[in-house]
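Chain nomenclature is as follows: A, B, C, D, E, F, G and H, assigned in order of appearance, with residue numbering initiated at 1 for each chain independently.
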Amino acid sequence: MTTKTYKKLNKDDAVMLLVDHQAGLLSLVRDIDPDKFRNNVLATADLAKYFKLPTILTTSFEQGPNGPLMPELKEMFPDAPYVARPGQINAWDNEDFVKAIKATGRRQLLIAGVVTEVCVAFPALSAIEEGFDVFVVTDASGTFNDIARHSAWDRMSQAGAQLINWFGVACELHRDWRNDVEGLATLLSNHIPDYRNLITTYNALKG
Amino acid sequence: MTTKTYKKLNKDDAVMLLVDHQAGLLSLVRDIDPDKFRNNVLATADLAKYFKLPTILTTSFEQGPNGPLMPELKEMFPDAPYVARPGQINAWDNEDFVKAIKATGRRQLLIAGVVTEVCVAFPALSAIEEGFDVFVVTDASGTFNDIARHSAWDRMSQAGAQLINWFGVACELHRDWRNDVEGLATLLSNHIPDYRNLITTYNALKG
Amino acid sequence: MTTKTYKKLNKDDAVMLLVDHQAGLLSLVRDIDPDKFRNNVLATADLAKYFKLPTILTTSFEQGPNGPLMPELKEMFPDAPYVARPGQINAWDNEDFVKAIKATGRRQLLIAGVVTEVCVAFPALSAIEEGFDVFVVTDASGTFNDIARHSAWDRMSQAGAQLINWFGVACELHRDWRNDVEGLATLLSNHIPDYRNLITTYNALKG
Amino acid sequence: MTTKTYKKLNKDDAVMLLVDHQAGLLSLVRDIDPDKFRNNVLATADLAKYFKLPTILTTSFEQGPNGPLMPELKEMFPDAPYVARPGQINAWDNEDFVKAIKATGRRQLLIAGVVTEVCVAFPALSAIEEGFDVFVVTDASGTFNDIARHSAWDRMSQAGAQLINWFGVACELHRDWRNDVEGLATLLSNHIPDYRNLITTYNALKG
Amino acid sequence: MTTKTYKKLNKDDAVMLLVDHQAGLLSLVRDIDPDKFRNNVLATADLAKYFKLPTILTTSFEQGPNGPLMPELKEMFPDAPYVARPGQINAWDNEDFVKAIKATGRRQLLIAGVVTEVCVAFPALSAIEEGFDVFVVTDASGTFNDIARHSAWDRMSQAGAQLINWFGVACELHRDWRNDVEGLATLLSNHIPDYRNLITTYNALKG
Amino acid sequence: MTTKTYKKLNKDDAVMLLVDHQAGLLSLVRDIDPDKFRNNVLATADLAKYFKLPTILTTSFEQGPNGPLMPELKEMFPDAPYVARPGQINAWDNEDFVKAIKATGRRQLLIAGVVTEVCVAFPALSAIEEGFDVFVVTDASGTFNDIARHSAWDRMSQAGAQLINWFGVACELHRDWRNDVEGLATLLSNHIPDYRNLITTYNALKG
Amino acid sequence: MTTKTYKKLNKDDAVMLLVDHQAGLLSLVRDIDPDKFRNNVLATADLAKYFKLPTILTTSFEQGPNGPLMPELKEMFPDAPYVARPGQINAWDNEDFVKAIKATGRRQLLIAGVVTEVCVAFPALSAIEEGFDVFVVTDASGTFNDIARHSAWDRMSQAGAQLINWFGVACELHRDWRNDVEGLATLLSNHIPDYRNLITTYNALKG
Amino acid sequence: MTTKTYKKLNKDDAVMLLVDHQAGLLSLVRDIDPDKFRNNVLATADLAKYFKLPTILTTSFEQGPNGPLMPELKEMFPDAPYVARPGQINAWDNEDFVKAIKATGRRQLLIAGVVTEVCVAFPALSAIEEGFDVFVVTDASGTFNDIARHSAWDRMSQAGAQLINWFGVACELHRDWRNDVEGLATLLSNHIPDYRNLITTYNALKG
């Protein structure tokens, strides 16, 4: 009875959606410490790049108080579809955004964004309704407080979304260290200080 | 298999139910800080008004220790159905309350109240049983502590209620900033200090 | 699709099971503060008495390190079935315990105990398997820490148990204040300091 | 409707899988205090030994920064299958590991590991897909923080895994104190300081 | 250089001042859980009674929103000086209050009250200025939050007040168990559930 | 030995200094929740106005990223000295600021600001050096986290500053309710939801 | 002005006082997790032994509910002075205890005990009064909660006691790793899991 | 009486001491999140460089389990005195370290290190004894837990050390934005995500 298909992330079937990580909106994120949140978002972007996942950027009202997208994201994905939404709150309500996703032909959506209960949850629920497999990158998505977060997580989980942190995503996509030991180690070292320390020590003792 | 209809809040199908936000009962709320809780309740009321949702007020034993309804709520909705229940703990057990809901012809119920496991959970479970779609406004509902809260959330979620904070409600109802940029911005600015700061800065630099 | 029967507590169909609130085992409870936990357990016992619920007491190894049952519970229910289990960890594995439950002819089981993941969860899962409706009194059940608690809650909730704190139980059983205003007020006043304060103030101003 | 089979741990059908408790990886565990986590892991190993559960050890890249397995685990299970995976992140992707499990003929898998969302969740989801009953030993599994933990728990729980702490496992396996009072008491005393105190007091007063 | 006189509580030189534990004001206390705070206040009153300390009660505006004194305190000290202050916020500004203290001829003041930074700190600072030795009963004094508490503690400590919880007070006054084993044990048992459990177990094993 | 002068706030000798509560800098405040912090700052401003304290506003680089002063503060004190510092980080390094203070002839400085360890601590330490009595309004001063806060509090406290929350300030300045019952009650009601509830209930029962 | 003699722990001048770590009293300790607290106490004992500090054990009412001393402590110090106090709450009030200390001729007292505000603070304050240098081993001393702890720390610190955790004590006594690398490493490895991991990894890579 | 000299950091009189930020020891730091701690340490190093403070690096047993210094620190200060201590735990016990400090002719010592109660506190207390002014960079110093931290802070503060976070240090050294707006802004932007966002927004709106 508990048998259930393991919907596993696949680097040939996954797309990364980065939704509204804008300089103004970031000041609303209070459920994760800013140092850590910034690191998580950049780690998520780095893994998308490392695994060559098609990546789609979108923003809401860049010209207004929400502010511009984090410049680092623009620089990392200069050729990615970039959908500056003219007003739709749910990115899925924007045709260009959905078209860009469908153009990849992929069915697994990784979504991270600010704030969780809106910019992540709304497109997640829309995508599930259309049959996509949705993975919420929980630690690269931020919101006001724990009540907002857990309400959003519950809503998405009950609808069938899978909750997973960026480290879990990276490991599930990589499958086997032997595919590229150095590449994965570098990714982890750049975003997990404890892992960086392990590597520093290892190199010192083995070097 | 994870395909699931996205039951989206719709401003033409939603009703706001504010249950027992009474001066005495508010002293029982200890899972949310009082400054924040008051703000959340007023924000929820404001959004109901802004989106012109039919709103129904109800209280339990106003004359006794539970105390009178928050005066602000009465003032904001002078013409709303106001059901001072003579004794029913579950508002749904009061005919006038249910009639007032059914009179709106709407099927999406937004419920906020004090305390979560009683004044919110009981009518939520009753409404689900009658086929309504129930959305619990989690941050405008308060209770004694985290154990009470999470027990109640789990019970309602397992029965099919959707958990969502007031900001999520406002955004899902609004759909598109272009429907009224200034209106939504004012609502957010009045209840989210961080957002207010973004607007202050924006105006200073753009003004 | 979210329509789901509201399994409501009914004072004519509910039994209270108090499992292993023993002086030694109580020292293991670290997920709830001792002052509060003691109050919650006594409140749960009081409500069982107030609503005249058949109540069943059981202990594990009273003669050994687990220690004797809290004396207050024995005193409150001098005539209740008292099953001092000779060794079964899951109370449901003890025939006398199950017989005592079945002898009541009731189908709704309220369970509280120490520790949550064992003394509560095991009989809860057994009872669900036999078709009983199970309600876990979450705040009168204690354990080592949050990991133990949330693991146990998840296991029981996924199996169909309903999680509810003692205040929720009391209110769902009472249904309507008019059934006995003074009785319920006394129960609440004796176990909720904030409520007691409301009544004190009310009496002072009205007296 | 809530009737659901109680999938009970059975000492004749359970296998213990200890995944990647390596000296380097342990420095990544930040959701449980190190004193407590070390104790939980050793308690889990001790119970496996006490109940004579077939136990399987596995590591990832022992020669690299992840570091060697905790020496205590090697010493406790000198004859257990020990699968030093050459690169597979999901232990289930390693044939030797799965063969070792299947060779036991058992269908209940107890899994503990570091980190929860990878080394525990991946094999858990794989095993569920193949029809095994999976029990996650939550407090002997560690990860970066609460977001990582709760995301992983939710993913596994929704797939049908049961969450349970080591104390719950021990009690569910033991069933009845009379099977061996002294054995279980020793196990608990060695890993639960509060229980040890009860026994010390008991012996002093009874001795 | 660190030699410093130990100003020890002395039951023949100490007075207990209970300031403004009023039903309304108690709802402001948010830095200690209500169950625990109520217990601490009653324990403090009990110890004053047990050690026969002259005790002085005072309130601020009982007729207004601050509400009446906790009825239990009135009942416990029917003959104590009771100063219902007509308006002075600092009880020390009320002549009757200071007279009542000076009438005892004692120089050690134990002060507990609501809220800490006002009802406790103001008279504490005034009394220190007049050369009294001041002991703040920290856990029977409550306020809005940790910032308020720690600011007040720092201000009083820097002025020379000693911070001590009620249990410390009881033990420092008692000096030696042999002065009255049963009396102290009863006091502790009535207000410390963990201690009550020790006694229950002890009696069961020794009885 | 513990005798120490009680340096009591005096409404005829106190000045309120509001330092750098600017829209941009407010996003740096993470040791107090934004809803609560905004309320505390406005309460502090309100009390300054209510007690007719000379109030001095100052900002740092309003034209740059630090952003403009909270507009509410400007509106509340249209005639107050307003020192837009051209670059000095420590407001005390700005001659106009110090002149404005000295012009009042007062010796008690109430300081609140953002961030605590810089905008509050630097002028506090400078003022102490010049013999002023300094009172830090701790809950109207915010910073990055608890480490920053407690470091700053310790540094200021060791130098002789007194730490006090806004409620303590208001009560110490007011001295006696009879000076103006309604005025103080309104101030408290506007900024302490729990107090507002007490008044609402009181009015309902007495009205 | 800030020049102050560094009172440094000296292994030839220090005595270790272990006060009332009794099986019953340990159940009162709620400000430190039991796994960690047990470890801290044993580490403190180990370091006393390692540095050959004269060590004095004392208990209060072993025959009553307080229970016997932790057996491990008795076993580690079979020849240490062992003062079973007949009733004195402050160990310093017991002549044998003070004599045992004075017999060592040493002037630096390390004190750890249960509970902090009584069994540690009382003898600490008495010893300071007699001119001893007192060091409180903060993490091997436990009490009811944070309020009790911080009140006690403040009282002792203001009187001149130095607060230090066991690791600090060990390092200050050792002075230089070269005095015995292996000995100190073993001590740390046995009580700090993170340090143990470093050594395990180091040995694996260097071995 | 509260007049006290403001010992202000002065960029011409300050030295930065970075003590034992080694890859192994960093795994012991559990009182600050690793992402944040790494950021704080690098920020502290950056500010030393920016203000051209003489900087001294020291390590303990680099060849053993403590591991090598964080490579970034070595790279940032290639010409700084680098004292690899052969065994002294207190860096002040190493002649080369003290000589390097004295060679600068400066009297203000900024100290950050791992762990706080040893590598920071010991040299801090030694330096105070020799008349240096000591400033502890609290958020670039880490240790096992809050008990260790607060014990160490109290010990150092009572001896006259000033506690201050890196941001406070940078601002106190800089004095006036006009000394170099861009330089300070870059330093803050690189280490405070919230500040970076302010600058991003500012540039977008002004650019």
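Following the convention adopted for this analysis, a contact is a pair of C-beta atoms (placed from the backbone, for glycine too) under 8 Å apart; a residue touches a chain by one contact, two chains touch by 3 or more.
Because the structure is a prediction, the values reported are computed rather than measured.
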Any chain in contact with chain A as well as chain H: B, D, F, G
A-G, C-E or E-G - pair sharing over half of the A-H contact pairs: C-E
Selected interface, D-H versus G-H, where C-beta contact pairs are more numerous: G-H
Whole-Å gap separating chain B and chain G, where each centre is the average of the chain's CA atoms: 54
For chain A paired with chain C, centre-to-centre distance based on mean C-alpha positions, whole Å: 43
Whole-Å gap between the CA centroids of chain D and chain E: 49
Inter-centroid spacing, chain G versus chain D (mean Cα positions, whole Å): 34
Chain H residues counted as touching two or more neighbouring chains: 5, 24, 27, 30, 33-34, 67, 145, 192, 194, 197-198, 201-202
Pairs of chains in contact (touch as defined earlier), listed by label: A-B, A-D, A-F, A-G, A-H, B-C, B-E, B-F, B-H, C-D, C-E, C-F, C-G, D-E, D-G, D-H, E-F, E-G, F-H, G-H
Chain C contact footprint on chain B (complex, rising order): 5, 7, 24, 27-28, 30, 60-61, 64-67, 86-90, 93, 115, 117-118, 121-122, 125-126, 128-131, 133-134, 144-145, 147-148, 150-152, 154-155, 158-161
Chain G contact footprint on chain D (complex, rising order): 23-24, 26-27, 33-39, 62, 67-68, 70-71, 192-194, 196-198, 200-201, 204
Footprint of chain G on chain A - complex, ascending: 198, 201-202, 205-206
Chain C to chain B touching residues, read off their complex: 1-6, 8, 32, 136, 138-139, 153, 157, 162-165, 167-168, 171-172, 174-179, 181, 185, 192, 194-195, 197-199, 201-202
Chain D residues touching chain H - in the complex, by the definition given at the top: 27, 30, 33-34, 145
